[in-house]
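One structure coming up, written as structure tokens, with questions to follow.
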Amino acid sequence: MNPANYLYLAALLFTVGAAGVLLRRNAIVVFMCVELMLNATNLAFVTFARMHGNYDGQVIAFFTMVVAAAEVVVGLSIIIAIFRSRRTASVDDANLMKW
Amino acid sequence: MSGNFPWLTVLAAVPFAGALLVAAVPAGKRALAKNVALLVTLVELALAIAVTVKFSPNGDRFQLTENHTWIKQFGVHWALGVDGIGVVLILLTAVLMPVLVLASWNDADAPQVRMDGTVGDTAAPRSTHAFFALMLAVEAMVVVSFAATDIFVFYVFFEAMLIPMYFLIGGFGGAQRSYAAVKFLLYNLLGGLVMLAAVVALYVATADADLGGAGQGTFDLMRITQAVGTGELNLNPTAEKAMFLGFMFAFAVKAPLWPFHTWLPDTMTEATPGIAVLVTAMVDKVGTFAMLRYCLALFPNASKTFAPLVVTLAIIGIIYGALLAVGQTDIKRLIAYTSISHFGFIIVGIFALTSQGQSGATLYMVNHGFSTAALLLVAGFLISRRGSKTIADFGGVQKVAPLLAGTFLVAGLATLSLPGLAPFVSEFLVLVGTFSRYQAAGIVATFGIILAALYVLVLYQRTMTGPVKAGVEKIRDLNVRELVVVAPLIALLLVLGVYPKPVLDVVNPAVDDTLSQVEKTDPAPSHPIEQVAAVTPLGGNK
Amino acid sequence: MSMSADGVAGGVVLAEQLTRTSTGEAVQFWILAAVALLGALGTVFMKKAVHSALCLASTMVCLALFYMAQGAVFLGIVQIVVYTGAVMMLFLFVLMLVGVSSVDSLKETLRGQRVAAVAVGLGFGILLVAGIANASLGSFAGYSGGTSPSGAPAPSGTEGELIAQNRNVEGLAHIIFTRYIWAFEITSALLITAALGAMVLAHRERLTPRKTQRELSEARVRENINLAPLPAPGVYARHNAVDIPALLPDGSISELSVNQTLRARGQVRDVSREPVHRVAELEESGEVWMEQRGDVPTARHEGEEGGEPTEGGAPDGEPDGAADQDPDEAGTPHGDSVAAGAGSKESRS
Amino acid sequence: MTQTLVSAASGALLATGEGGPGLHSVPATGVFDATWLVIALPLLGAAVLLLGGRRTNRFGHWLGTLLAVGSFFVGLALFSAMLDASDADRSVNQHLWDWVSVGSFQAEVGLHLDQLSMVFVLLITGVGSLIHIYSIGYMEHDENRRRFFAYLNLFLASMLLLVLANNYLLLYVGWEGVGLASYLLIGFWQHKPSAATAAKKAFLMNRVGDLGLAVAIFLMFTTFGTFSFDQVLSGNAQASGGTFTGIDLMLLLAACGKSAQFPLQAWLGDAMEGPTPVSALIHAATMVTAGVYLITRSAELFNASPDAQLVVTIVGAITVLFGAIVGCAKDDIKKALAASTMSQIGYMILAAGLGPIGYAFAIMHLVTHGFFKAGLFLGAGSVMHGMNDEVDMRRYGGLRKYMPITFVTFGLGYLAIIGFPLLSGYFSKDKIIEAAFAKGGTSGYVLGSVTLVAAGLTAYYMTRVMLMTFFGRERWKEAPVGAPADWHEPHPHESPKSMTLPMIVLAFGSVFAGGLFVLHDSFVNWLTPVTGFSEGDSPFSEYAVTGMAVAMVALGALVAYVQYARREVPAVAPQGSFITVAARKDLYQDAVNEGLVMRPGQYLTRMLVWLDLRGIDGFVGGLAAFIGGTSSRVRKVQTGFARSYALSMFGGTALVVAATLMARMA
């Protein structure tokens, strides 16, 4: 099969993740969808690495993972902080920053 | 080119320095601040008289010129120079300033009138120093605007004037003063910005025509007018029309031309009498002066095409202002609308493009300055005595304060341009000038004099005649200070009414020069009479 | 089932392009792609957050396998060990904190959000796919000497050899510590900051000073909570197992003695009524025997007639600490003090 | 000072003697140099009294009178110098100083003295002085008498400036100056609201007239390039007929405004609010005749357009009848005399409209009218003085016994005005009636008959005034209905000497002036060089006309006698026919003015005030509100939900991707 299919898969995963971010109200699930999008991009990077026959793609994917990890840590602690003060983990409840 | 003494820069610097001096006076000493301010204005008056004496009427157009480079990149020069019209208006400013300082002697000491009309505590009256310093600053900027022969310098001071005026109106007026001040500022700023676009466009046009040398444009008025004359700078018609409209819009807002006038009544109602006169007698004159000096000289063709439109608007302004004045219940607002009517006359005089019209308009600017100053200041004394501005609260003041009523009547008669007083001469010249160019407009404008009589006499009758109304009986007559304020104004109104020749001799050459710039000559009489009579009626200069 | 890293079905390695992957990889791809996609959809549409998390974990594992299939062995391992193993577990940990059982209703609250999201999602998806479809991808270089469709020169030097020899980890290390050293340092700084940030965010300052043991006891005395030590589970009980509740004198179960979690799990055993009655009979027989001997009845009888404040005589035998209760409370009818007592006890659990 | 001011160039022009129409003047030399003194004296008086303030109270009135009389003597000196000057040298021009000179617009302050203005100078200063003397007595107990005399002097100065100006612009200055003086004098008792309103009404109506004069000057300037008498009236001004008619109509409008003629006559009745000497001087003898002077002075222009002259005669005719009818119904003695003034000036305007035939007779009637009307007003003033300011004739009756001198002087004035043979009114009015017939053609007959009818009406209402005031029952004895409690019966007495002396002098004037003027046509010859004179062929002989006139007068007097002498004069005005009711309301002139001008003006003003507040200001405010409104609505897009922001971000990315694809596709 044509290795480019990985790219299509990555695209689909990315879109599903994006849609998830828009649809779900639970902060953690939204967060997971973001992780899903990140993973989709990693897949694309690895495929590109293979396409070009060098490891640059993989290095980028590696760095993406590092950043993702950092992001998850901070994201979850924010969710915890919000939950602790508001007793809710719904994204819609934190809507004070408005007109 | 006079000697090297920079007369005009000194003329502008004195009030500016005076303003700083007044501001520097230690906080407690109010009286000292006032006296310093008065002294500065008197020095300025002396200087202005000296300038007028040095100005020789039939010398060349711009005299006492100075030229120092200011901003090299744009080719902006601190170029000052004064022609017939400029010197007369500078003299007007210099004469009016001491009168205004005297008139608003303790206007700034009165406690603040809050928004809801209640009076603030007397313990914290407003700062007198700021009041007089700002007035002197306005005077300095007005003088520079009259004396500038560099469009950039003119534009800078034309706009800078708004700032002190904003604080004067906003800080020391009546209950709704902040609304009026903001409205004044926004209106004039809008006008200024439109003009800025036109100034830039003009600069670019001069750059294309390489007037400033080495691909640079120039702001020098004389250079540009000469280039326009010789066709060196021929702007394409649409650009010229656009630039004309840009300049004209700013000046139409400043000198309230009919549709852009709504800021004046609010400003003059809310500001203290002295500041209201400062607005209408001096600051607004820069607008009409600029129409004459810049609009006509720089864009002759566009002026010719737009002249009928402007004349129509001005005529509407005359009738509109007069009718609205009749319908007012507030004295100062009534006087404001009379000013709009008078400005209508001035603008119609300018754009009738006849020598009578323009000389009349210039003389009108001077006379209007004196007559409105007299009317407004006396009205101010009346209002400060009774404490209320509405006409209905007055009645029978003539019995209680005959001197005040007398000066009010004379000022009123000057406003309705009674022959024998100064405004009649200028109004008649404007009307003749307009009639000889546009008959219909002339006749409609003449109706303005009937409406003028109506609003002045209605005002006089409602406030002064009839039985003494309650609350009016305690009004005391004019005190010495107020007499010293009103006396010179009335004297000037009489003298200029009987013998306006010196002013006209100074103004005529400048007007003829402007008209030749616009290539417009007076329409010749249709059936001239050969001089049959042996006696040539006039000695004097022809 | 991990495909060998080099993915070459054999034969001499020529500098040809990788146009078709091996059939094994193809099979693996189609199966795992489906799984991954289902996992992704599951993450989005599962009601319970924990189920979403698990679906995501499965997707991630599939991806890991794809990496390995594509020659990125190191990444595959890291994906499983670090990403899925640590990060996903972090999610579950947080889920546990936030409330595992919380079920989100999928009913949309924002007006028009769902329709718009789906529409934009679909639009975007189609756009991406279309973009990829007509992107001139050309043939893949693959790691067996193919030339990159973008015309970029094949990696040379040690890097080239490492790639050629499929020594993935060394290759990556070589590249990271030569070309991407700067990025590496920055990401390390980033990680430290992230850790610090998390600590700062999650840490909560004590708003009130830490109560010393003395203050705690005074508070307990003030609030009259379990002043006397609680009865050991076995006082009247027949058994001392953890999951058997202690009995109060009047035979009811003492809530305090039951562990929260066990109760939550419903694993608390029942106590039969029979021994309780036996005890009651013993007490009464004792009183009959005393009266027969003409002794002075015990203080307990007088308590029943009068509601004397000191006696209290609460049926449940709770030691009445009414002595220092403020006067207005003492005057309240019995039911109140019991409820208050019970109430306060209750809250302590 | 006079010497230096005289313009350098001179050279007498050899007038072409009698017939030469148009005005040719020689520079003022000798006595004529003092022409400007005539104006300067009263002007000085006004200035001193106004600026002097209270200090001049004691001698204020004497100073005023002295200056007026002084000006009269200067006038006499000028008159005697003019008498012995030859015909050509009688028209003198004195240049004082250049006033306004802009391009071709040359206006100088210069005086022009010729036969016509000489007559006026004498009339103004003469009657003016008499009235000054009269006012000393009349205003005895008024606290600001000084201000009164200041205004009287101001009036004299501006009236003299009007008649002596040598160009229309200076005439305009005098014209408005007189308007101002009348405003100040009518509204002298300012505490009375009615006086203030009357003064304002007078000034506004005059201003409407001044509009006409201003437009006339514009027309002259645009047509002839000049407006000085020397050029415009020099006889060789050619222009299209239409222009001349235009100028003439505008001049007529000015005359109507000032002389209270038909369209602008509403103010004269109310002007009676002012003190009686004012009514005598301004609203009888001098100011109201300014219109006639203007038309006579501009004879050249009027002769050039016959249809303008026709309009003048029509206006004159209408006003004659209008004034007469109103005069018959007025109970207020001053309002009756005012109406009669309006009618008599109608005569003069009519005569002036007849062209060269009538100019001289118009001025003659003007002078005689000045005498007897001033006399009548002063008589009325002394009657009011005696009856503590009661003006209603129905409260008079039988006063002849109590005020003999007033009765005699008033009687002589009465006989003169109705045209009793051999008195001055008889001569001047008959000449006008004759001239009216002499105009010829149907208009001649119409005008002639109108003047005859008016003569009859004049006789009727003057006899009515005479009878009601001096004859019949003494109605002032019983209290009027609704009189205040402290009403006490007035006890009429004769006025003091200072008041009766001028009345006697004026009585003499009204008796002998006519005869003097007619004596071998001295007056007509005097004026002919200025106005020109032509006989005109009247269908009736001179005596026939005189006969008819006397008959009409006798008829009018008889009817009045029957109605007011025979029957008892009711103390309260009866209802009367609809004509009398209309006449009492000045033929509804005020209603017409208010309906046509005042009310629409007020609506327009109110509408414009609303427009300005809501319209223009509304627009500006609306703009600001619009911006405020849109910003508050757009603000709502920021909902605060993270997911809606995510949606917009995602939408944005989708658009970007689509755009790049599109770009790549294209």
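A, B, C and D label the chains in the order they appear, each numbered from 1.
Please note the rule applied: a contact is a pair of C-beta atoms (placed from the backbone, for glycine too) under 8 Å apart; a residue touches a chain by one contact, two chains touch by 3 or more.
Please read all numbers here as calculations on a predicted model, not as lab measurements.
Trainee: Taking each chain's centre as the mean of its CA atoms, which one is farthest from the centre of chain C?
Mentor: Ranked by distance of C-alpha centres from chain C, the top chain is D.
Trainee: How many Å are there between the centre of chain B and the centre of chain C, using C-alpha atoms for each centre?
Mentor: 82
Trainee: Counting only Cα atoms for the centres, state how far chain A is from chain C in Å.
Mentor: Computed value for the inter-centroid distance: 21 Å.
Trainee: Just give me the whole-number Å value for how far the CA centre of chain A lies from that of chain B.
Mentor: The mean C-alpha positions of chain A and chain B differ by 70 Å.
Trainee: Find the geometric centre of each of chain B and chain D from their Cα atoms only, then give the gap between the two centres in Å, rounded to an integer.
Mentor: 37
Trainee: Tell me, which residues of chain A touch at least two other chains?
Mentor: Residues 18, 22, 25, 92 of chain A each touch two or more of the other chains.
Trainee: Residues of chain D that contact two or more other chains, please.
Mentor: As it turns out, chain D has residues touching two or more other chains at 639, 641, 643, 647, 650.
Trainee: Could you list the positions in chain B whose residues touch two or more of the other chains?
Mentor: Residues: none.
Trainee: Which two-chain combinations qualify as touching?
Mentor: Here the touching chain pairs work out to A-C, A-D, B-D, C-D.
Trainee: Flag every residue of chain D that touches chain A in the complex, lowest number first.
Mentor: Result: residues 635-636, 638-643, 646-647, 650 of chain D touch chain A.
Trainee: Over in the complex, which chain B residues touch chain D? Could you list them?
Mentor: Per the stated touch rule, the residues are 259, 261-262, 320, 323-324, 326-328, 354-356, 359-360, 396, 398-399, 413, 418-420, 424-425, 428-429, 431-432, 435-436, 439, 442-443, 446-447, 449-450, 453-454, 457-458, 461, 464-468, 498-501, 504, 508, 511-512, 522-542.
Trainee: Considering only the defined contacts, which chain C positions touch chain A in the complex?
Mentor: Residue list for chain C touching chain A: 18-21, 25-26, 29-30, 33, 36-37, 40-41, 43-44, 49, 52-53, 56, 59-60, 63, 66-67, 70-72, 74-75, 78-79, 82-83, 86-87, 90-91, 94-95, 97-99, 102, 104, 108-110, 113-114, 116-118, 120-122, 124-125, 128-129, 132, 137, 140-143, 145-150, 152, 154-155, 159, 163, 168, 171-172, 175-176, 179-180, 183-184, 187, 190-191, 193-195, 197-199, 201-202, 204.
Trainee: Would you mind writing out the residues of chain D in touch with chain C in their complex?
Mentor: 639, 641, 643-644, 647, 650-651, 653-654, 657-658, 660-661
Trainee: State the interface residues of chain C toward chain D in the complex, per the touch definition above.
Mentor: Of all residues in chain C, those touching chain D are 110, 113, 116-117, 120-121, 123-124, 127-128, 130-131.
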